[in-house]
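Naming follows writing order (A, B and C), and every chain is counted from residue 1.
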Amino acid sequence: MPDIESRLAAIERKLQEAEDRLAIYQLIASYGPSVDSNSFEAVKNLWTEDGVYDIPSGRRVGREEVGRVIETDLHKSLVARGCGHVLSLPHIVISGDTAVATGYQNVFAREGKTWLVERTSVHRWELVRLSEGWKVKHRIARMLDGTEAHRAILGRAVRVPDSQ
Amino acid sequence: MPDIESRLAAIERKLQEAEDRLAIYQLIASYGPSVDSNSFEAVKNLWTEDGVYDIPSGRRVGREEVGRVIETDLHKSLVARGCGHVLSLPHIVISGDTAVATGYQNVFAREGKTWLVERTSVHRWELVRLSEGWKVKHRIARMLDGTEAHRAILGRAVRVPDSQ
Amino acid sequence: MPDIESRLAAIERKLQEAEDRLAIYQLIASYGPSVDSNSFEAVKNLWTEDGVYDIPSGRRVGREEVGRVIETDLHKSLVARGCGHVLSLPHIVISGDTAVATGYQNVFAREGKTWLVERTSVHRWELVRLSEGWKVKHRIARMLDGTEAHRAILGRAVRVPDSQ
């Protein structure tokens, strides 16, 4: 029955890719609720054991240290005002058991009767598939401040190979 | 043919979950266009017959009353300025015929030459699968204002069972 | 084997629709990184050869002209400040080899220590499936400014047929 077998194999491969995309959306959609509710375990568990979060204030290595991002004075002051880390629908490229997601993050915080955009940054998430699911191996964030650093992160995601 | 049967069953189960996630994204992506265009029927039809929308200004019970959220003076003044209810990519947990989606909503409204973030709030959507598709049974919104209410909604979505 | 055949056929049809939705999310998530990194080829390649981008400043016809949207003085000044074109999770309706996606776009740009919402607009993307994937045939953007134009774009997406 080669026909059924080949159809099943094609279906399984395509379905796996769809599930991977949805799992990566879910991972990224978990970040905001985790940090904005001060859920240390939830933040920590998004990363691999030795995962890195490279942010403008410094490089955090290992998921314990990444999780402690919620303990900074800056984070505490944002949470006290009311803050939302809102991640955009990411661009995703999957290659087997690794993937790269690229997108924006806005941090909104209350200021009087409206909310300010405290930060807009771009994020590159390098992900790996472990037995327990997709995890962050390396995430880099750069402020959207007109310097080359953030444009390079965005451009790398959408580069057209033939045109280089 | 146990092998083909079990593969088909696994595929059907996983595909259903993927379709459910995509249907819930679609439902949530419908809310903004519905309220911002004053489409009463479209707003109403997102909820179940007896669905609830629990917002800071009060609790709306039944989809007729929920749909009339577009008739408030506040909503009319926002629409007159130009407003967008922009929902974030939600975190979703599906359990059979029910699901919970958690995310953020920003309301942007024009003010002179730029737009203000009039409101940032967090939303928990309790959904049910009916014969006509996924509908909102209960949705609660709380302002992102530094009080415990919004953090509890976010934290509930990402709580790590083992760590409690 | 009618049973297996009909199950496979149903699976293939549903999986195609899920893949189409995910491919359209990916296309839309590519736009911001493309324009914000000044990636002409990447912007251009989102459109069909004769695709149109109808924006408040004028109608751009053909993907070369669409790609040159990054060459305007307005775009250059935004990029110099640091800017993010952030597209919302879109509402999508697929009909065979065509699709319509509707959603919001916010342009955030740095201003001192925070970011301003320079523009909030609504977007209707008319898409076609080509051999190389989904492409934009026609995209229209209208400012969220309280005029009827943007409400019409949003309302058209969510209109309930039975209620008209």
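Structural remarks
Note that in this section a contact is a pair of C-beta atoms (placed from the backbone, for glycine too) under 8 Å apart; a residue touches a chain by one contact, two chains touch by 3 or more.
Quantities reported herein were computed from a predicted structural model and do not represent experimental measurements.
Counting the residue numbers that touch the partner chain, chain A and chain B have less than half of them in common.
Superposing the C-alpha atoms of chain A onto chain C requires a rotation of 120 degrees, rounded to the nearest 5. Centroids of chain A and chain B (each the mean of its C-alpha atoms) stand 22 Å apart.
In chain C, 4, 8, 11, 15, 18, 22, 88-89, 116-117 are the positions where the chain touches two or more neighbouring chains simultaneously. The touching residues of chain A, counted against chain C in their complex, run 4, 7-8, 11, 14-15, 17-18, 21-22, 88-92, 102-104, 106, 116-120, 122, 143-147, 150-152, 154-155, 157-160, 162-163.
Partner chain C is touched in their complex by these residues of chain B: 1, 4, 8, 11-12, 15, 18-19, 22, 25-26, 28-30, 32-34, 36-39, 41-42, 45, 79-84, 86-89, 108, 110, 114-117.
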